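In the two assemblies presented below, chain A is common to both, partnered first by chain B and then by chain C.
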Partner chain A sequence: MDKIRNLQAGAREWVWYVIAFVILMIVPFSGSIFWTNLLTEILIMGLAAMSVNLLLGFGGSLPFGHAAFFASGAYATALLIKETNLPFVAVLIIAPVMAAVVGAILGIIITRLYEFYYAIVSAASCMVLWTLIRKVPIFGGDTGITGVEIPEILSSIDAMYIFTIIIVFIVLIFTKILLNSPFGWIQQAIRENPNRVTCTGSNVLRHRYIAFIISSFICGIAGMLFVLHTQSTFPSYAHWVKSGDFVMICILGGVNTFIGPMIGAAALIILQTYITSLTEHWLLFLGISICLLVIFMPSGIMGLAGHLPSKIQSLYRKIRS
Partner chain B sequence: MSGDIWISLLIAGLSRAMIYFLLASGLTLIFGVLKVINFAHGAFYMLGIFICYSVVKLTGNFAVAFLIIPLVFGLVIGGLTETVLFRRVYKAEHVMQLLLSIGVTYIIADVVKIIWGVSPYSVGMPEIFRGFFSLGGITITKYNLFIIAISLVTALAMFAVLYKTKIGSIIRACTYNREMTMTAGVNVSRVFTIVFVVGTALAGLASVTAAPITTGMLGMDNEMIMIVFSVVIIGGAGSITGALLGATIIGVVEALAVPLLPEFAEVIMYVIVAIVLLFKPQGLFGKSEARV
Partner chain C sequence: MGDTFFEIIGLEKSFRGLKATNNVSLSIKKGEVCSIIGPNGAGKTTLFNLITGLIKPDAGKIYFMGKDITGHSPVDIVHAGIARSFQIVNNFPRFTVYDNIMIAALGYKKLAMKMFTPAKGIAKNEIMELIDRIGLAKEAHSLAGELSHGDQKRLEVGIALASHPSLLLLDEPTAGMSSDEKGGILETIKRVMKESDCTVFLCEHDMKVIFSVSDTIWVLHNGAVVTSGTVDEIRNNSLVKEIYLGEAE
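After this line comes the complex of A and B, so read on.
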């Protein structure tokens, strides 16, 4: 029931989004290039993780292959800008659609599967793309594609940041509306019990398939934004380890919440920036953190934050008595 | 190319397949009993190869490494991972178990980097196994024969233990119904530890078997785990017979694809996985209840 109440928070929650939007819009005026850059990256990774969470937290699947769609969006953007003369707006539309097309093809097999098969096959499909990207000459091989030119208007760090915020918030609002629609309710019902959903007359397979395509589309947008931000793209974007990162971000933030992935992305990326400036053994640190997270904090930061008020209350009562 | 060369290739592919089998059998055994898919299995394999390199360098004797590493590896690495980490998440959601095993992968990858550095290592081929047999135009290296023999012995031993001994029937009982086995008075928790240790020891065995023909380097774990997953998926998770068949298919196809389409051998492998799954979503020997 907690999960349902989370979604029904309604108007009060929208106010928080408006406040978050305004605060985020102010950041560039603080003049810190470092934070503007970092926040752009956080928003993009958060968006990608959110697309994963659409299937993981709200759909009950184990999507370990979203790096494939992230890379599809990224490579489509890079190639469309470098190899064609399409207007920029057209690129913005075609690149995520390409990711959705990849999602539609891979989804045919993946959405038929459940549990570990789903996880493994989605991870394996990442590796197909990874191999193709490295071996087919047009994708630039192991060195990837660098020097992707973006329009004048987006060339400054602040402009790119504002552009990212606007796109991310549009997608967030769309996702929020989607999850509160009948489609979203069925999606969550499938998480709880696919067989019962079949009994109510919904086509579970088709529903999972459509959700998969929507999710890959959103992940494609994240990939596209990331290329516009860094102006380069590499084969490692398609590696299954990248998908693992997305899932990790979701769990860190809290899978059963809508905004969890954003919080998780912020925590992970800030931590990564800090730790890598101290030591080169980030991976060891990350591995140990994952183990601790899974064992001691499975509901993530949002879960912890949810429990905090009640914990403080009980502590307060103890002190008074 | 003439037929003889194809047969030689086939045998080389078969020996590669047997290494996949050794890895996949451990993974599928663990999955069957614990219902946990262990992403760290590839990392175990990589760690084993590096340890093998160091042991051979220290003792100068491949036989010592071959006999000791799987045993110690299973007991230490497998035992530690199961009792310290995995034991705590059996009741958690599956995504937690997967994430935990990814965490272990990261830790092992970085530990390998700290101890052995970033340069690739290789274990030299031991004296006895140098050279090859030739029958007419068909050439088989001695070591490839050795790999095939070792793996077949391992497979037979696994079947013998699983189907002819008491612990084997307990393990099989755990695969079918954990709660009922517990009710029968079996210490399921201990069975889990034993299975995890054996599975990890099999990864160690795969490492030492593969070491003389493989270059140990960082990143090999991530690629190997995907191949092994494909093997398990094709064969059907939890089935040793499936792992044997799946490994043979993947290994042979890979060996034959390399001379035909050198760039896309891996892609062909995944295409086979896709075809198998389209027709049999549970894999060739998987049980029909794919919704665990």
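After this line comes the complex of A and C, so read on.
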């Protein structure tokens, strides 16, 4: 029952973010290309998962179609860079806005639905987009779009990493402020009891719709960063399995915490990387590990972390007595 | 009709052939405590759902302060000045008492879309004062879902009051309470009435409760208004006794 209380940021929590930011900024100086690359990917996937968690953990919906917005951001970035002469800064703004526009269109239907229907229709609309991307010639068909050129300044692995951290942290701070605002509180109240929110004079439908658009915008930023990172984009970014990955990352990390999805992304990607190098049956082992994680940590890694201090305390008491 | 505070004319609602609200007409004067009594299943909650826009009537009109509010959305009706409590506790169980009231206050102030100021700073004193008035000051930072049933019913009234209603609908505010708790909440309701210039429309199946607070009473049976009058008139009405005979202990 006490889960909701920890959602609000105290001063102490901000200190943790500053520490995390500083530590992450130091990584490139360790000289490990492997870790710099891996962390870039973790931050981007974590950001996408956080956009999902805005609706999942904080909104009580089941968004199973966010690959649509990830892909929208990704393809918009690739096409804007390849097909237009727009300045890079303009691309950085227009690409997530395109994802938000797609969100605004799909959201008209999806945000009217609840639970199972919400999940199915969001997954289905994601598949419609996936089909479009494969069939409409400008999107490059099954081979996607490769060779997306990025500005000189971002061309090194370290520079791209630092750029990703800065963007991700800006979005995280924005999201945190949003969740503590009246908008964020009403959003969480809708998760708890939409009916009562209506009866206290706030428009639930409008709220869910706006939250959906904000979430697609953020997911679009993640898609954009991923293209800048890999310089290519593929139809699989829009596949519903990708949407499932985002949801799984949230559950793994803990949907009831703000930073959970980021932790979940780290866990999944690191697990993936190591298990792949150990065995060719890595998918099997990955699946089993995730099942075990979810069974033994139902509120995710962050949920376990939240209980750790009290667990240690009770252990300490047992030892003393 | 323009000078009537609140008026319902010929309201009808059927659920699969069952007439839950059958040609109900009634009116409420400003400042009074008006009550509906009726046994379980009489259609009291349905009537409240119709008034607050949660369900749409099949026929009939609802006027509030000279305006036709029939079929308006629940959100519009709250902002027009009608708020309600629910018979079955209906709060945000994993939020604190403070946060429950805050959600209602944000709704009243139309701040749901405000994105860049912390919600916790808004109307702090006002919220604490309201919590104090409903007698939950000590529980302000307890989770709503962990309160006793009686305290949750108090919170129910508090959430409704946070909408600053001119007309407050209370759906069985003492349902499921012990007789001690009943006395307490009735005192609270009377005090709130005096302090906050709102008219109360109350429904109950417990006649003792109704007789202790009401100015005017309407008797509902099988969805239709059977009779109405003052406490004394209703107390001595033979028809009312008959309706309640099955319920009398």
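As a convention for this text, the second predicted complex is superposed on the first by the 314 of 321 C-alpha atoms of A that agree within 3 Å, B and C clash if a C-alpha of one lies under 4 Å from a C-alpha of the other, contacts with A are read in each partner's own complex, and residues count from 1 in each chain.
The rule is simple: a contact is a pair of C-beta atoms (placed from the backbone, for glycine too) under 8 Å apart; a residue touches a chain by one contact, two chains touch by 3 or more.
As the structure is a computational prediction, the values presented were derived from the model and not from experiment.
Undergrad: Name the contact category of A:Phe258: first (chain B only), second (chain C only), both, or neither.
TA: Neither partner.
Undergrad: Any idea whether chain B or chain C touches more of chain A?
TA: Of the two chains, more chain A residues are contacted by B.
Undergrad: Is A:Pro182 in contact with chain B, with chain C, with both, or with neither (first, second, both, neither)?
TA: In the superposition, A:Pro182 contacts chain C only.
Undergrad: Give one of first, second, both or neither to describe whether A:Phe169 is in contact with chain B, with chain C, with both, or with none.
TA: Neither partner.
Undergrad: First (chain B), second (chain C), both or neither: which does A:Ile109 touch?
TA: A:Ile109 sits against chain B, while chain C stays out of touch.
Undergrad: Who does A:Lys135 touch here: chain B (first), chain C (second), both, or neither?
TA: first
Undergrad: Taking the superposition on A as described, I'd like to know which of chain B and chain C A:Ile288 touches: first, second, both or neither.
TA: Once the two structures are laid over each other on A, A:Ile288 reaches chain B alone.
Undergrad: Quick one: classify A:Tyr161 as touching chain B (first), chain C (second), both or neither.
TA: Once the two structures are laid over each other on A, A:Tyr161 reaches no partner at all.
Undergrad: Overlap of the chain B and chain C footprints on chain A, residue-wise?
TA: none
Undergrad: Would you mind writing out the residues of chain A in touch with chain B in their complex?
TA: That would be residues 56, 62, 64, 109, 112-117, 119-121, 123-125, 127-128, 131-132, 135, 194, 239-241, 244, 247-248, 251, 255, 281, 283-284, 286-291, 293-295, 298 of chain A.
Undergrad: Looking at the complex, which residues from chain C come into contact with chain A?
TA: 52, 54, 74-75, 78-79, 83-84, 90-96, 99, 102-104, 106-108, 110-120, 122, 143, 145-146, 159, 162-163
Undergrad: Using the touch rule from the top, collect the residues of chain A that touch chain C in their complex.
TA: Touching chain C from chain A are residues 1-5, 8, 177-178, 180-186, 188-189, 192-193, 195-203, 206-207, 210.
Undergrad: Contact residues on chain B for chain A in the complex?
TA: For chain B paired with chain A, touching residues are 31, 37, 39, 85, 88-89, 92-96, 98-100, 102-111, 113-114, 222-223, 226, 229-230, 232-233, 237, 263-264, 266-267, 270, 273-274, 277-278, 281-282, 290-292.
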